[in-house]
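What follows is subunit A paired twice: with subunit B in the first complex and subunit C in the second.
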Partner chain A sequence: MRRILKKGIEHKKARWGWFFVLPSMAFFAVFSFYPIVNALYTSLFRKRLLSLRPPTFIGLENYEYLLKSPDFWNSIKATFIFTLGTFIPILVFSLLLAAFIMSRKRFQKFFQMAFYSPAVLSSVVAAAIWLLILDPRGLANMGANFLLGTKGVDYKWLASANMVRFSTILVYFWKYIGYFTIIYITGLASIPQSLHEAAKIDGANGWKDFWHITIPLLKPTTVLVSIMSMLQCLKTFSTQYLFTQSGAPLEPINVITLNIYNTAIRDHNIGRASAMSIILFIIMLFFTWLQFKASRSGGEVDYM
Partner chain B sequence: MNRRSFFVMFLCLVIPISLLVGKTIELQFWTHEDPNRTVIENRYIEEFQKMYPDVVIKRVTQSSTKIQELVLTAFAANQGPDIFNMSIEDEYAYIVNQRVASVNYEAAGYENKEALINAYLPGTLDPVVFEGEIYGLPLEITNWCILLNKKVFKDAGLDPEKDYPKTWEEMVEVSEKLTIREGQIITRRGFDFRYPYYLVAFIPMVEQLGGKLISDDGKTAIVNDEAWLKFLDFMAAWGPNGLNLGSPTYKNARSLFNMDNNDIGMCTTGLYQLARIKADNPAFYDSREWMVVPFPQFENAVNYVPAHYYGHYYMVNVQKPKENQEMAWKFIAFMLSHPEEYLDKVAIIQPTNELLESDTFKNYPYSDVFISDLEKSTVVYFSEYSAKIQSLVKEAVESVMLSNASSRDALNALRRKVQEVLDDQY
Partner chain C sequence: MDVIIWALLIATALLILSPIVFMFTASLMPARDIVKMPYRWIPEELYLDNYAQAIRGNDGSYIYPRNILNSFIVAGLVSVTTVLLSALTGYGLAKFPFKGRNLVFLLIMATMMIPFEAIMIPLYLVATSLNIQNTYIGLILPFLTNAFGIFLMRQYLITFPDEILDAARIDGSGELSIFWRIILPNSAPAVATLAILTFRSQWDNLLWPLLISQSEEMKTIPLYIVKFAMEKHTNEGAMMAAASIASIPILILFITLSKYFVSGASLYSSRKG
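== the complex of A and B ==
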């Protein structure tokens, strides 16, 4: 009888739970799940964006084409160069900046605001600002010439292959470092002060405290930052798009998302673009799984 | 009278009245930004709406570099505008995919197709003819010549009337005299190419040397490697790793020229630029310290090839209701019945025989230079995939100018990719 009663109450509670979760599930189903399924379906067809003829089923031909295409592999390369070049510095420097800000007795809020403010700009606006800075006659060349003591050197921020890659990494880093710094600040603030005090009493200096106490206890935050920043980097688009529209060479920064866009919009080949989207989705899923797996090794973090 | 009878009587009255009253026809009209054209076309809309009170026209302008994507996205969602225009190399795909309606000759004010063809300069409607029908009416036919700032020439100790470049080799020599640099950074360019319009402004250079983008039967990519290699070598030498006379990464010249800030000597542009100079900088326009010269040729050119001409054609969405399509053609014809005003206020040429024989055209500054090149010119390459092919040529040129790729490697990559596009079509 008690079991039946308990089941009835649990059932009621679960019903309310479903009721509250349903709107977001519906939103996810319509705006995330459905597009993914639709892209998977479209990737099996030869479909042109403007054509009114029914698309032709071709099975996995789009995937076969992509896996043999030098252009697609160049996009993979460009994406990974960008991701590694951005994600690792973001991970490291956002933690260092957070530790720096937390160590300040004054102007903490000012620093937080200063570093976070680029994140509120849209990517398009950020790229447009940097286009002016990176123009041959812009602030980037003036600044670099001043700092390096050179005169009139054009560092070809948007012209040479390596420099244009660096420029896209620089823009992304500038835009998002503050965002992840705030996340780390939250993580740092959640570590009980008593642990640092105990370490101090035991004779740990600042560096040992940071390395043996702070970093291990920041594991959940680090996992969150690394997954979020990696996914952001894999999805990068606006900066590369605007730079190439303004004359920068395409090949060095032809990341997968830009290739997807050009294949769909410029080439009208929506079937092949959908296949690329699915491949990108699988790559993102794989790296997310890998990071979760890596984060589970070494045990859970418990402050108690 | 019971309630049912009253209701039936009410319906019998209301339905015929609503049919008599008629519904409003709303036309969405998308076009690219041109402040001078906006003024006159907004007036045409007001006048047309007075003539047809049941018609409401909503004119929307987009950046000329963005309109292609926006129109494409709208059509892909079956939500395209009633009327739109783009350059033919972007528009042709809509004709081939049957997304636009053929011209309604009666609504457009022509007795039949022949009357329409006879009203225009021969050949100017050819790009919009498909399977025997005409699918657009020309807003403008444009070719590019070289616009030159005389003050920059004089500042460099040159006489613009005599020393303007007639060949690409002279263009290099003159640009070297006009260019000012601070170290490697160019603060005044002698000449700026018209990036990224490679089909219009760069392919003619290859054709001057005897090369072609596509064979005459449309099946083979890249004809005459030697011509192509000479062209790519020329561009590599022009760029930042060669003589450093310019680069696609500098701000485009056509948006700087009008300001007359001593930062650009020459640029490639069309007749419409003159109206923009007049609007943006009347003092510079009135000073006549600018002039137009023909598109240069290589010294050892085997063909005389000016910049290709392209057309913007007004087209009508075939998915809209018949009454919308009919009214759209009427409105387009109404706008295009003012060719002299378009020339005078916007400096665009509608290639009607009437306009080209008019005093307005003959007296327009430098119209003779543009027409002389136009008469020797051919239409830009257009196909369902011309946008993709243009981007492949862009990649090839940028790779030799910016990435130090060899001309041979760039050409081989270009050939492979363009051939793939052509093979996909057949």
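== the complex of A and C ==
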């Protein structure tokens, strides 16, 4: 009798569980899963945005075209330069800044807030501000001339290919360094103080302690920061969009997302844009998987 | 060594804050003073014409206030729906064991890996087929909830004391009533964090409104600023004024409620760290 009662309660709970979960499942089915499947489907067609003609099935022709297209490979190159050039400095500096902040007894909150503040702004606002700073007559040239001892040199932040790449990296770095510093601070705070004290007793000075205890124990955090910053960089759009709309050269910073947008909206070529989207999706899946593996292969981080 | 670290921290803080300071000071200067070298950090006088110009718009249409209102409406509504749906789903995942629960959770987390850029075109086509382009519903619909919000609520609700819920059930409360009257009011930290982070994220949204808003009346703040930057003879001062206006609500939110922004960042790290 008791078993029947228990089963009844379990069933009731299960039913309510589904009830609470169903609305968002329905939402994701329509607004996440269906679109990605649809993008895959559309990528097999030649389809124009506003035409009333039915799309023509062309199989993998869009993919063939893209894989042979110098323009698309340029986008891949631009995206990778941007991603690597941003996430590596972020990884290094956010750890350093977090360590510095944690070593201070006071003003921790102030520094955290100061570093984090650019992330709070809208990315369009950030791009607009930097558009002015990087202007030939702007602060960037002033600062660079001052630091490098040159006079009146225009470093062409938004005009020359390499500089405009550097500029987009600079903006992104500025925007997100604080966010990842805070993540590292949380990671640092989760290392038990007893471990540092034990190391001290064993004679390890500050640097040894940092290198042999802190950094290995930060591995999960480091992996997390890596994945998140890399994925964030792969998705960049606003900065490159605003820069190119204000006259910066397209080719050096024609990241995949910008290319997708232009191909769909400016060139009306939805089939090809969908194929690019699928390729981007696969790239992101790949990097997520890659770093997931990297976090496993090092073995479990054990405090003992 | 100690002094070096202080110096580095202070220098970095100043460097990072200076573009924001630049935005505000430049908004109070006539355009020709902004580009004068060297830059005068403190404006000679409070030149408010930039703000008038930003609000008036380069075409004199005074559309910016409407765009600001749109941003408030969209960000506000998305925050509300996200909190409600995420709480519902997180509650179901946290407190109700059912077969397939883990699979459901994994599927929801998987949506985080779908870049918006990859689905923006199909979403746009769905929106046009529903005829909701250029409407508030069109702006809001793809963002009703998201995996991060669900994760946050589930994380929080897992630790919610079961005894309270069971006691309420024994007293005869219905499940929905328990959700509405016990769970939600007592989840204030998670709800507040989610609401604030969602609001900021929607405030920042450029790509979707770029696709979906076709008339000037339905555009949001980021689109207005893009318009400014695209002008042939940009009035730099007015552009900074527009940017300042766009940033003030969010900065106020940040300064007064900073712990929710920061806790959102550290919550992400506690997931895998």
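As a convention for this text, the second predicted complex is superposed on the first by the 271 of 304 C-alpha atoms of A that agree within 3 Å, B and C clash if a C-alpha of one lies under 4 Å from a C-alpha of the other, contacts with A are read in each partner's own complex, and residues count from 1 in each chain.
The criterion applied here is as follows: a residue touches a chain if its C-beta (ideal position, glycine included) is under 8 Å from a C-beta of that chain, and two chains touch if they have at least 3 such contacts.
All values derive from a computational prediction rather than experimental measurement.
Peer 1: By residue count, is subunit A touched more by subunit B or by subunit C?
Peer 2: When the residues of subunit A touched by each partner are counted, C comes out ahead.
Peer 1: Once the structures are superposed on A, label A:K105 by its partner contacts, choosing first (subunit B), second (subunit C), both or neither.
Peer 2: A:K105: touches no partner chain.
Peer 1: If you stack the two complexes on chain A, which partner ends up touching A:S160: first (subunit B), second (subunit C), both, or neither?
Peer 2: After superposition on chain A, A:S160 lies in contact with subunit B alone.
Peer 1: For A:L250 in the superposed arrangement: first (subunit B), second (subunit C), both or neither?
Peer 2: Only subunit B is touched by A:L250; subunit C is not.
Peer 1: Tell me the contact category for A:K293 with respect to subunit B and subunit C: first, second, both or neither.
Peer 2: A:K293 sits against neither subunit B nor subunit C.
Peer 1: Identify the partner contact of A:I265: answer first if only subunit B is touched, second if only subunit C is, both if each is, neither if none is.
Peer 2: Both partners.
Peer 1: Which partner chains sit in contact with A:Y34 here, subunit B, subunit C, both or neither? Use first/second/both/neither.
Peer 2: Only subunit C is touched by A:Y34; subunit B is not.
Peer 1: Just to be sure I read the superposition right, which of the two partners does A:D135 touch: subunit B = first, subunit C = second, or both, or neither?
Peer 2: It touches subunit B and subunit C both.
Peer 1: Considering only the contact definition stated at the top, list the common interface residues of subunit A for subunit B and subunit C.
Peer 2: Comparing the two interfaces on subunit A, one with subunit B and one with subunit C, the shared residues are 135, 137, 141, 245-246, 265, 270.
Peer 1: Considering the complex alone, what residue numbers of subunit B touch subunit A?
Peer 2: Going through subunit B, the ones touching subunit A are 65, 69, 72-73, 75-76, 93-94, 97-99, 181-187, 195-196, 240, 247-251, 384-385, 387-388, 391, 394-395, 398-399, 402-403, 417.
Peer 1: Can you check the complex and tell me which residues of subunit C touch subunit A?
Peer 2: 5-6, 8-9, 12-13, 16-20, 22-23, 26, 34-39, 85-86, 88-89, 91-93, 95-99, 101, 104, 107-108, 111, 113-123, 125-126, 141-142, 144-145, 150, 175, 179, 200, 203-204, 206-207, 211, 221-222, 225-226, 228-230, 234, 236, 239-240, 243, 246-247, 250-251, 253-255, 258, 261-262, 265-266, 268-273
Peer 1: What part of subunit A is in contact with subunit C in the complex they form?
Peer 2: 10, 13-21, 23-25, 27-28, 30-36, 38-39, 42, 97, 100-101, 103-104, 109-118, 120-133, 135, 137-139, 141-142, 174, 177-179, 182-187, 190, 220-221, 223-224, 228, 234-235, 237-238, 241-242, 245-246, 256-257, 260-261, 264-265, 270, 273-274, 277-278, 280-281, 284-285, 288, 295
Peer 1: Within their complex, state which residues of subunit A touch subunit B.
Peer 2: 48-52, 71, 135-137, 141, 145, 150-154, 156, 158-161, 245-252, 262, 265-268, 270
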